[in-house]
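Shared chain: chain A. Partners: chain B in the first complex, chain C in the second.
Then we have the complex of A and B:
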């Protein structure tokens, strides 16, 4: 320990002798790492898997069951109610839930000002499939229409000032609903269950009501809805259930490869049966992407973040070259000191230990600078791309990654110069 | 001053020269692509929209009660709101619309000539249901036909005729006037000037307009306002209060000028251009530090050599120029490598974003910028090196 402290002290003395070149080296390395880290934060969070144990078992079935003919069309990215019912005829999935989102206004009674809320209209399996945590109450038991509502914790606190509100009544768009459950803190990021049109970067919804209730009360989808016939999209209760009006996401849980294979076969049979019955003229085109691939399937990956990732990596490389360059100059200036130590009997291993003390000090200074610059960088990126603001979060994995990459960078920057200074012809070096 | 000697001097310190060359090359590559992207974003932000971006405003709002979202209560609300806004000093015209122009996407549908559906079908044409003053607000003139003045209803069903923008009309009916022709959405009553509708449409100038009641306001609706020149800010500041006074059962989702809406369309591109620009400046700074350090360190290392040259009659200017020439040579070599690296980076970026190819003159401009930066960084160490007297420099010989 004493020896390590000695090496650190020697490093510190060396830094104090020529502080400007050292400060420049640390600054440039911090700059490269800070900028890289700011973008890596978004890249890592946006590509993270919120359900790592399950995301390869949840699938989004899509079929080209539409009343028009198209040889090279992809299936619609949202499903009609009628097509979901056909898919529900299979008992292969362990769980299944259709869903969409809408907007509404919530209040306790008609004297209160309404609070705008995002609504997810869905089925009970949604909460089981996505491991949604409940704080109080229970989800409605089946897929039937009923005026029950589940609140997110924050909205329960906002409306009632408390989370223990199961059984209480409130008004959603001036219709009375009973609170059956309150969710615990939950933020699925990215929100993979609704990934079309880049919606995976949004927050989870404030309130949840049964899908059938949404259709009965004509709640329109606030993201994507398409009609492929003469359906009136305002008439969800009637046209929405029977015509080619597409607005639903539909997820199924297929736990084993055998289940997945069987479901693919089921979809093929269904498409062929429908074609034979003359209900769709297009060629069979079924898709079954897994939840972990859904953003890529819909082409929702952020090109800007990817482009900036490429450039920040390049910038980091330039900063590494630059810091190595500065470090080499610094070590060559100190070469006489190294040579003198060698002449006095210091082994190369002892010189390398001295170098490791330099690396440790440089890592300490660099990581402090990189964190400051990274923090500023994420703030700037949030300002320029506010849509990704939810992803500006640092967690332990990310911090450990930064520490590892800083240590590696400091080592690389110090390695060659130190080797150069501790090898070579001693006589010549002492003469210089 | 011999090129051979300069090259030899650079080759004496291969690692340092190599590192500097790589830095210069990468800096140039980033600089070139940043300028390209910034140029493209600037062009988009200054494109022709056919609209008065400065003196036009849009308010998106939504009634908070289901009753107010249904006709006839909705018709009454719209009339009261438009009357109140129209009465504001500085307001020239106001209209309602189911959606504003200058959007990424929105309500749209396909449009075709029923006699030739397969050949004429155009997908994703923005659909506007508007009040009659819509054309006055946007200052869009009728090029053919007459602008409808009121909705047309038959047996309670809306059969209002269509108004098409010029580009759309020409695409749909290339062989003659569109006025009076049938489409799957109704009869064409007029053709108007082009204006920017939706970015995700097949063509941003394709728009289909109907003077008609709002089909549904569950997604909200917009009030579009044209003000007298220079009055937009004053009117914008009053709009929220005025609309709340008309009826408090509304939520104002946003209130923006057309200019803000237009800028929002290219927010991502603007953000990336700013970040790349900032990074380019940082890279130039890093390169300057590198050039400074390189010149300073090697001037010190070569103090004796410089002293001998001075003793043998070399002037200060000659030494000064020699140091500069070394750096210029390095920079030019780095710039050549950088041009190749820029092409590779351009290819890499074009796989994930839309970026134009690099123009032939850009490498020349970027090399000039690089030369200026490197010269500025080299100047001080070169001056120090030349100010050493021959006697001091050769003292240890």
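Then we have the complex of A and C:
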């Protein structure tokens, strides 16, 4: 321990000997790493798996069940109400939920100013499949239409000023709804269930109501809806369930490979039957991507972030190069001391330990600088791409990763110069 | 205790080869005080560096206490430097950012000696060179002679059996030079073998034996009849 402290002290003395070049080295390294951190943060969060234990068990069925002839069309990423019902006839999935999203205005009573909210219209399995945490109450028990509403914690606080509001009434677009549940803190990042619309970088919705209620009350989809034949997407309440109005996202949970295979077969049979019944002329084309692959499937990886990642990596390399050049100069001007220590009996290994102390000190300074610059960098990126703002979060894994990168960089910057200094000819430096 | 057998050293640069040492045969016994003289560029420093294992040699062999230093690992060589050999450089070579005590403790550190023992030995060495009162000074606060005495204290703090001194008085005026010489003689009387490079004939005469080196070769008299040189 005493020896370690001594090594640190020696490092510190040699820093004080020429503080400016050292500060410059640390600054350059911090800059490269900070910019890299900022980008790595987004990259890491964007590509993180919010449901690692089941993202390979949730699947997004898509079928080319459309009333037009098309040889090499991809199936639309949304299904019609009728097709969802046909898919629901299978009992292979252990959970299944159809869903879409809409907008509305929420208020406690007609005296309050309305608050605009995002609405997800869905079924109870949605909450079970995605491990959505409940703070109070319970989700409605079945898929029937009812004027029940589930609130996100923040919106409950905003409307009521408290979270324990189960049983209370409020107005959604001036229609009375009963609060049945309030969610605990929940932020699925990225929000993979909405990836087919490229909306996975947004926040989760403020309120949740039953899908059937959405149809009954004519809540129109605010994302993707495709209609065919004479269907009119505005006539959801009357035509939505019967006509070729494709707007439903559908997720199923298939726990085992056997179930997954059986479901693929089920989809094939269904498509064949539909074809025989003359309900779609196109060749069979079914797709069943897993939640884990959904962003890649829809090509939703942000090009900006990718290009920027490459640039920041290059920038880091340039900074490393510069910093090690500076560091080399510093070590060469300290080589006299290295040689002296060698002459007085320090082994190369002991000098390498000295160097490790240098690395640790540099890591300490650099990580501080890099975190500062990284923090500023994420703020700047939030400003430039506000849509990504949710992803500017640092967690322990990320911090450890950043620390490891800094350590490696400091080591790289110190390694070569220190090796050169400790293997240099001994007597040269000691002559005056 | 020191035995050089047919030892040669060549410096090769892109332009020229310098035969700094040619077929050196030298034997130094325990307790001797050897003065190494010779014209500038004759290879004195090189010889001292080879003896201190700071410099490799090309041919021949160097036996220290009967053991060849050829083929010793870096770790063994540094231990040997650390424990058996004390080095006094022409240009003091103190680290200016450290106190005298820290400077003197330096070789002891690499030997893994405990802090208290280190301090005791360093103080003892400073005492011997008469600078104990200034243990917390920094080298720049001392005169040249005092700095050289600190360098001597550093060299002897590890109680080496051999002291290699490269013109230890070269940068000093005659009074200080005399003090340093007296110190070395005192250390030698305590049993430490000393090899000292010097240009000063008076100093050389005070040594127990003189060895002259000319153009990388030991001159005949020194090689075959050290006694004759001493009496001359």
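Side notes on the structure shown:
Heads up, the rule we're going with is that the second predicted complex is superposed on the first by the 426 of 432 C-alpha atoms of A that agree within 3 Å, B and C clash if a C-alpha of one lies under 4 Å from a C-alpha of the other, contacts with A are read in each partner's own complex, and residues count from 1 in each chain.
Convention: contacts are C-beta pairs under 8 Å (C-beta built on N, C-alpha and C of every residue); 3 or more make two chains touch, one makes a residue touch a chain.
All of these numbers come straight from a predicted model, not from anything done at the bench.
In the superposed model, A:277 lies in contact with neither chain B nor chain C.
When the two complexes are overlaid on their common chain A, residue A:1 makes contact with neither chain B nor chain C. When both complexes are overlaid on chain A, the residue A:71 reaches neither chain B nor chain C. Touch criterion met: A:322 reaches chain B, while chain C stays clear of it.
In the superposed model, A:174 lies in contact with chain B only, and not with chain C. The larger set of touched chain A residues comes from B, when the choice is between chain B and chain C.
By the touch criterion stated above, A:396 is placed in contact with neither chain B nor chain C. In the superposition on chain A, A:17 makes contact with chain C only, while chain B stays out of contact range.
Shared interface residues of chain A (contacting chain B in one complex, chain C in the other): none. Chain contact summary for the complex, chain A toward chain B: residues 21, 24, 28, 31, 35, 103, 105, 114, 116, 173-174, 219-220, 222, 233-234, 303-304, 306-308, 310-312, 314-315, 317-319, 321-322, 324-326, 328-329, 332-333, 380-381, 384-385, 416.
Only residues 45, 49, 52, 54-55, 74-75, 78-79, 81-83, 87, 89-91, 93, 95, 97-98, 106-107, 109-111, 115, 154, 158 of chain C touch chain A when the two sit together in their complex. Partner chain A is touched in their complex by these residues of chain B: 15-16, 19-20, 22-23, 26-27, 29-30, 33, 62, 64-67, 215-216, 218-219, 251, 267-268, 270-272, 274-276, 278-279, 282-283, 286-287, 289-290, 293-294, 297, 345, 348-349, 352-353, 355.
In the complex of the two chains, the chain A residues touching chain C come out as 2-3, 6, 13-14, 16-17, 336-337, 340-350, 426-427, 430-432.
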